């Protein structure tokens, strides 16, 4: 082992109070950045999973046609071109779901509640049931006409129990008022308050409410094999579709909002200006990333913020290291002279201090990392009550975390570089002490 | 033959606006194997001379030749290497490295520099010296667990471990009671005889001066008297 | 922003009728299409401006009864409209201005206008887009069946209306129109699935200048038991409204 390093390792334990203080400051910074980074990372992963589950896919293709009267009708009247393009990319695709959705009002006795109702083709989605955590009732009869599944909190607010009948009022795709009677067969742990958790009924039920034929649907949702390829795959599919079918311009406004407007707009279809009209089915595309763009940017702001906090703590710690080692050099002047007399070179003396600062920082970082992991592991043992907005960011009710090794490594490198930079000033001063003068200092 | 040669060496220290002329033209020749005492009252320039010999300070004028090398032209790096190769140091305050134990203190100089001996040889040499200075029982003890005399024995072992040609000791007994001081001097003398190592020690204690076979008496930065004992011409 | 909900229903009610004598009344069965066209004509003020003070009483079994007062200015030929809240105190000064296709909501608290598309604003309300536009019963509905009957003291035609296309608000309606004056007295509105959604009662007509305007009407929700809205119109005027009323500057000024 390098002699400077050996002396440095020993020196770390020499003034325990000072070491604990410095390492503690470093550890605190590392604790905070690791904790927040891991939490934000975990939340990002959980939210992605929860949102994609709630929306039923990664890519959401919608279709619309122009009616005789010039209104935009939300129906994928001719899915042919899209389906053939998707078939050609079947290797990238995990599954495809065809759905319709109606936004309307549930009425149970005197109570009313706004709710989105998603129509699911239960026959073609046999594993649909596995994705919901059932609170009451059962999904066995979900494919029957009029069978309704609601988020539990929505059912609670209406005061409706499984087995009871209720009304759902909505507009058809053409904008005509409609109402249908439904029977609640089950409730699941969802977050209707967040406006994301839908009620579910069979595709046929929702279609008849929307004034659509039994085989029709509004959106085609695609689950990809790898959710990291969402943007790239979306671009490729749109490129494949270009020329085969009219496409909705993607950049002009928030695509999720536009789709939600079209699908869920309770006030009927938008009229299409003469110049804008198209022939046949026009496809629109929104992706999970579009949907989460705002959320993602909030997360990255939080991430950047905690990184800044880390940098500030780092800067404060570095001032601490600089000052501490200035004092240490004074305290150890005679020893520096001795080392020099015994034959240690200038660089060797410098390295003693650099190594020491590095070890103190590493110990601190390790302690901070361990503390953060301990806190996260502890937090994970708690299961938070479901059915709230919060649960959208949790992993089945648990606080999620994902330690990013790359980020942790980056922070560690940053920390080491900063510590070395801070210690380099006193270390250089130590190495430049003339040996005779150093030896004369009181031991 | 001369292992060490000082010719007309001067050393001045800046002191505020004036200068202190600590050494004012000293010429000396020390032979291999000598047991040399630099004697003189406090402030006479003993430490200054030893620092110059030990290459941890440079003369203001004159030349210092060590092992046939003129030190004037050497860089700090080369001087450090020369020190490590040719010299061993014993200090008034022992100057052990507090974070290392006895064994490690003695071994430390062996681990510096370019040609580090193999572990087996290293262990052999360190153990042997520790035995020579009578500290076998204390190998794994830290400096602060030892008495002053024991510490200075560690320092002697450390000074000898690299098999230097010259060992410099600046008032090695000043912090010890007289009995212990004498035993330390006796130990140094034994080593001088056994290994043929040149010892140069400074002291202001007349009793200890008597043990030297080459005495250089300083006064106000000048050699006041120099003589060799016992037939050594 | 409950005003929006309320405004929508107020607008819906405004599309009610102003009576004028039927042009011609053949003995026996009249031309029902002409009858509907006359109702439409009366509802659409066309050349003249319209202003009134409205009192709305909405009863909701879960939310209780609320009373609101609002002043309305309307100019159909330019498709402009202004609603100003007078009551309740807490919403005093809120305004709702429609100029062409833009809807502006004014909040006196923040002294700011927020813009929204027509569509967005009427989401979630009982009102349909077509309620706000011009009445087009004759264009949108065909008379599928007719009958005669009494409604209170009035002799009426009872007409079953079927939508001529699928973009009307209601798939079918049943309307009661007086034989004597051609006044709409009652309307039942049905969903595509054939279920009664609401019943409207037009209980009083007031003479304004040379025409009759319905000044008291009630909507009864057929799906939510006990939910209904009654509207009373007072200070009805067909005199020209100054142009500057339909401006944001005016909305701000009234509030000062």
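Letters A, B and C mark the chains as written, and numbering starts fresh at 1 in each.
One rule holds in what follows: a residue touches a chain if its C-beta (ideal position, glycine included) is under 8 Å from a C-beta of that chain, and two chains touch if they have at least 3 such contacts.
The model shown is predicted, which means the values in this text are computed figures rather than measured ones.
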*Chain contact graph: line, ring, star, complete or other?*
line
_Reference subunit A; chain at largest CA-centroid distance_ = B
*Which chain has the mean of its C-alpha atoms lying nearest to the mean of all protein C-alpha atoms shown?*
A
*Could you state the distance in Å from the CA-based centre of subunit A to that of subunit B?*
69
*Using the average of all C-alpha atoms in each chain as its centre, how far is it in Å between subunit B and subunit C?*
112
*asked:* On a C-alpha centroid basis, what's the spacing between subunit A and subunit C, in Å?
replied: 47
*Report the residues of subunit A in contact with subunit B in the complex, numbered from low to high.*
3, 7, 10-11, 13-14, 334-335, 337-346, 348, 434-436, 439-440, 443
*Under the touch definition given earlier, write down the residues of subunit C that touch subunit A in their complex.*
60-62, 119-120, 122-125, 128-129, 163, 165-171, 189, 191-193, 195, 197, 223-227
*In their complex, what parts of subunit A are in touch with subunit C?*
67-69, 71, 105, 107, 109-112, 114, 167, 169, 172, 174-180, 208-209, 211, 261, 265-270
*Contact set on subunit B toward subunit A in their complex*: 47, 51, 54, 56-57, 76-77, 80-81, 83-84, 89, 91, 93, 95, 97-100, 108-109, 111-113, 158, 162
